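Going by the order they are written in, the chains are A, B, C and D; count residues from 1 in each one.
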Amino acid sequence: MKLIQKPWLWSWVAAAAAFALTVALTEGRGAGELAYAALSFGAFAAIVGLGQMLVITLGPGNVDLSIPATMTLSGTLALKAMGSDPGTAWMGLGVAILVGLGTGLANFALIYLLRLPPIIATLAASLLYQSLAIWSNRGLRIKPPAGLADFATGRTMGIPNVALVGLGLSLLIWVLLERSVWGRWLLASGQNLRAARLAGVPVEAVRAATYVAVTVFAAIAGYLLASFSGGAALNMGAEYLLMSIAVVVIGGTSIAGGMSNVPGVWGASLFMFLVVSMLNSYGAGAGVRMVLTGLIIIGIVIAASTRRVAR
Amino acid sequence: MKLFAKYRILLPVVSLAVLLAATFYMQPRAMSYFGINLLFNLAVPIALATVAQMMIIMVNDIDLSLGAFVSLVACVTATFLNDSPMLGVLILLALVLCYAALGAVIHALDLPAIVVTLGMSFVWGGLALFILPSPGGASPGWLRTLMTVKPPYIPMAVCASVIIAVVTHLLVIRSGIGTVLRGVGGNARSVQRAGWPVVRLKALAYGLAGLFGVFAGMALVGLTTSADANIALRYTLLSIAGVILGGGEFTGGKVSPVGAVIGALTLTLAASFLSFLRLSPDWQIGAQGAILILVLTARLLFTRRDAQA
Amino acid sequence: DTSGKRIALSNNYAGNSWRQAMLQTFEEVGAQAVEAGVVGAADAYTTSENQATEQAAQLQNMILQGYDAIILNAASPTALNGAVEEACNAGVTVVSFDGIVTAPCAWRIAVDFKAMGKEQVEYLATRLPEGGNLLEIRGLAGVFVDDEIHAGIEEGVAENSQFEIVGSVHGDWAQDVAQKAVAGVLPSLPDVVGVVTQGGDGYGAAQAFKAAGRDTPLIVLGNRQDEMQWWADQRDANGYETLSLSIAPGVASLAFWVAQQILDGAEVPKDLTVPFLKVTQDTLDEALETTPEGSVANTVYSLDDAKAVISGAM
Amino acid sequence: MSTAAPSAAPIVALTEAAKHFGPVRALDGVSLSISPGDCLGLVGHNGAGKSTLVNVVNGGLAPTSGSVAFPASGAASALAAGVRSVFQELSLCPNLTVAENLRISHSALKGMNWRAPARAEIRAALDQVFPGHGIDADAPVDTLSIAQRQMVEIAIGFAPRGTEARLVILDEPTSSLDAGIAEQLLSHIKQFCARGGAVIFISHMLGEIFEVATRILVMKDGKVVAEKPAGGFTRQGLVDAMGHVATEAAAAQAARAQGEEVLHTPEGLRARKGEIVGLSGLAGHGQAEALARLYLGATSSWRSPREAGMVFVAGDRGRDGVLPLWSILRNASISILPQIARRGMVDRTREAEITAEWKARIGIRTDDVTNPILSLSGGNQQKVLFARALASAAPVVVMDDPMRGVDVGTKQDVYAMIRAEAARGRTFLWYSTETEEVCQCDRVFVFRNGEISAELTGDEITEERILEASFEMEGA
């Protein structure tokens, strides 16, 4: 397949264009800073986006709307458990992952046992998780242990640590999807669940694993974000609801399922950060910024699709 | 088989009736002309938005921009339509046409509707901010009168819901063109092969969604008397939930307009029911999720029993 | 005598520490009042996501539940007017605070947000007489409070022409969003001497400046404990000096007492004002002491405070 | 009946029509004209280009070169010229009722009260083609069996629909119908042509072709290789023209050593090791459901063992078999992944080897197994599904009418392969709508109304006995 046909190409082109336009404003000054910021903040969107991508790969109607609530709950509980004490970072991560496992299993239980459509099941469950987060800590903001905060905001070889974590997770997902049996099963289930079941794919196990994976990713993102920004807030995941879906589809993953695309999630995550930065830098007001963001998203989708048709 | 077809309508009706009974038990004051109107009048715009969402789900797409669109319509209604009605009507018509064009573009270029509407949600939201950077405007007098009218015996909210349900049922289920539109959701290819211009059908479905979205925004302003750019953002998820509660399915053109209206009423009622329960504020948000799960689970039990019988 | 009267709080958002503190203050004050037999009931209701439509439905439910008074932190100053009027028509007293409503039949306990914005610039003018570039962090677009504070800031900058706003971003009153927006716009900004905010997002801005390797400018802060703690740490380390402007979540308790007074038959003007909460370099330690860790600085109002506010407005 | 009156202008005329999909010449210069009264039988191996020809005639595909004209009506489009198609893959709207489906292709039904005439028209059309069909005009299509859906589609094809059907194209219409229903269709086609209508009839069942066709057209690799009046072909001649060396079914099956019983379901299905068990009866009497229950019960949606105990060959490709986004390779290997995986990772060399082996053994017509599966013709897709199942080591193979749309030559190959695998000890459960196929089995269960009505073994397996058991109650 030629480069031009790669579905992820357009998100990267758009990200590069937004980057170039922003840097053009300062005649090149601040390019490094901007790239660094894009990588740091893009990493959070990419991590939740990767999870959402797996779910969207399961086919039409599969989407997880509990990502924001899971992020909030994992951030809240993990920081509460750590209580700013040094040396508790791994324990906190463990708590976050447990939260992810718990919410994922609960989501899937609703979907599987009660046969609820995933959109409704995860939406309804997310309201419960949000209440749980409120109840557990009443919105008090606990600082992360200093070491963890330093790690989350720090860099290694000039690259933000959170981006490195994100890249590691991406690599893991990429290998799973491209090379492993589990990845094949996921892609098969996404194309035609019934046919996959009849071909011997353990479809329910695949679905369960996927719904757990997305919340575990969200929980890790919540844990990192809370550490990065100095504590968990009750609304900290809110913007990742639409963001997680946007980065998946702008990145070129088919919403019809059965196909996923890891590099695109990164391209789209960087783009979503850079486009806002670009418009802010040009001094666009909120209205202009929103209209342009929307039009650019649609533009990318059209560009990607006409390329595909004119193959 | 016929029984099951009937059940699809019956289940939403039963859930609504049970919830209503529970609400009346909790709050006997609600069992009056005045009370029922208060319980349901804000469900009218939600019902209209749910019908709009249903038009899109009917052709196998999903609209993530509906809430932003209804907000924009509300802003237009509270400003232009109020100040210079002609201009306002023209803008609203243009918005409906935009929706139709969106449907045509989505089909012609084979774009994923979910992404395009996600993008459009930013566009509508941005436009709404242009019109009303901060909350304000006022409802046109006639609209306020219409939404607060007090017909004899039956409260406005109930009248309006019944009218919406009947009209959309005739349009979507009974009429020929409605049947063809549902056919597009069931098997677009076969509709195309039968000689229908599917692009135009999709444009029609989206146009209808836009029209009902406009009605939703206007009804909302009639009730709230003013608008802001964020006023109806929740309608996106509420409308999707309403369609599903009403027995619709995301794919395959299986929708029920009557069910969708009932679904919207159920959602509104569920929120009221919860506030009558007087839960601790910590759990008030979670309880909304719990009741959604409960209502859908009750339906599941019914269908299971039906399947066993 | 109001011992049989029932008061409800209508709230539209619970997703930040300010609202949590508000709910808590109301619950405490309400519970005490009920116990003391001052009122019959004081119940809090909250919806999610800051949506006027849901709050309107909530108000209608309160009418059905037969509350005598509703105190209201409104999602929109105008979009709830329909429901507020219905409440008034049903004989319910409506007292709005913080997020006020414009319906004439309701009472308003307003904060002068515009003045709050203006005061930030005026403070900067005293600290930085030679002026310079400012970065503005706004709240949630399309919301009344955001627009008001912004207008105040604009007015302040117009009067103090030595300042220029070189960048303006929306932080949605969420610190991680603010941090992200500032980090994205910083690389393209010239040197910034001051940051004007809407409260709650100053700490995020400080983090973004630190990550970009820039000197921390003079950031006007809000009332969250962690940002005041950061301020204290900076002060101890390098003598950092700034100002914190905010609204005390305890204004809910003021609204409660005002509603009680109205029910009691007191003559209360429709428009009342509360001063905003100001923490200066001198009062910082005191404020930190009284603020629970992770929460927000607060003032709880008593019946006497309410009476004072009422008589002050007469 | 001989060829049509030469004076009548042809309904459709193709001149040197060609259709290329990239390098694939699906249709490679075909000239053809069809006049009123013609019943054209179209045969050819899988992937010969029959469906492509049909789609060019009905306007579904624009020819790459050459032209399509409708001289009799002078209309510009196939639809306006009265050309109707019944497609190889079912194309009804499953969410609509039978009558509503008629409305889709009958735009003359207007006004608010269109339902009554629509119901009447579809009932009349069904009654005319399939007397005693028992299909409710108000039943949603997704509640009908696959055979009933096919019947509805055919009836819509022949219904008046305001205009007049001049040419009805039937692409493998009988593939999911049982013999009795197929017979009704054939006699209707004959009447229709006698009244001056024209039909293009595609089938892999040569008996049907000989029964109805006035003219037979043989296609091979996108070209017409022979075209004669039906009388001009013998069965063998036809098979030769299609280019297959047909090994006539081995007359008597060598009695196989029967192993121990490997399967016994509560409803009474039994099978021994190495046995080929047939499921028969009228289409839609619960055979497919019984097989699905058996398969789903024996396998799990939660675990996939390294060595599967049972594999499934789907007949309804689109619904149950094909994974449409994938290549032929990935489609073929999905069931053997656990078998060839190392530490959860797919061994891609082994995967390619095994697929290449089965491509050769089963004769999948493609140059490159990394092509998308949808680039294959219907019959070749079916072969991929066979390869998927047979490549695994599972001792029991469940087949749900797997020969749907497979050409004569390939069928013989597959029969031989099934017999060879059975001889090695594999057990086959085989539901088929073709009695001929069922007669090759060692044991046959006949289904009626969802239950087993007869179990036949050895010499008892005859067409008469099967029919008898299928109809018993209805005959009484």
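Throughout what follows, a contact is a pair of C-beta atoms (placed from the backbone, for glycine too) under 8 Å apart; a residue touches a chain by one contact, two chains touch by 3 or more.
A quick note: this is a predicted structure, and the numbers were derived from the prediction, not measured.
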Chain whose mean Cα position lies farthest from chain C
D
What whole-number Å value describes the gap between the mean CA coordinates of chain A and chain C?
32
Quick one: report the Å distance separating chain C from chain D, using the average Cα coordinate of each chain.
71
Between chain D and chain A, distance of the C-alpha-averaged centres to the nearest whole Å:
45
Counting only residues that touch at least 2 other chains, which ones in chain C make the list?
14, 48, 141-142
Would you mind listing the residues of chain A that make contact with two or more other chains?
127, 130, 134, 138, 254, 286-287, 290
By the touch definition above, chain D meets two or more other chains at residues none
Make each chain a node and each touching pair an edge, then name the shape: line, ring, star, complete, other.
other
Pairs of chains found to touch, sorted by chain label:
A-B, A-C, A-D, B-C, B-D
For the chain A and chain C complex, residues of the former touching the latter:
22-23, 25-26, 29-31, 33-34, 36-38, 40-41, 127, 130, 134, 138-143, 153, 225, 228-231, 233-236, 238-239, 273-274, 276-277, 280-281, 283, 286-287, 290
Using the touch definition up top, name the residues of chain A that touch chain D in the complex.
179-182, 184-185, 187-188, 191-192, 194-205, 254, 258-259
Residues of chain B touching chain A in the complex:
64, 109-112, 114-116, 118-130, 133, 237, 240-241, 244, 250-251, 282-290, 292-293, 296-297, 300
Hey, which residues of chain C end up touching chain A in the complex?
14-17, 19-21, 24, 48, 138, 141-142, 167-170, 172, 174-177, 179-181, 183-189, 203-204, 207-208, 210-213, 224-226, 292-295
Touching residues of chain B toward chain D in the complex: what are they?
1-2, 5, 170, 174-176, 179-180, 182-183, 185-187, 189-191, 193-196, 252-254
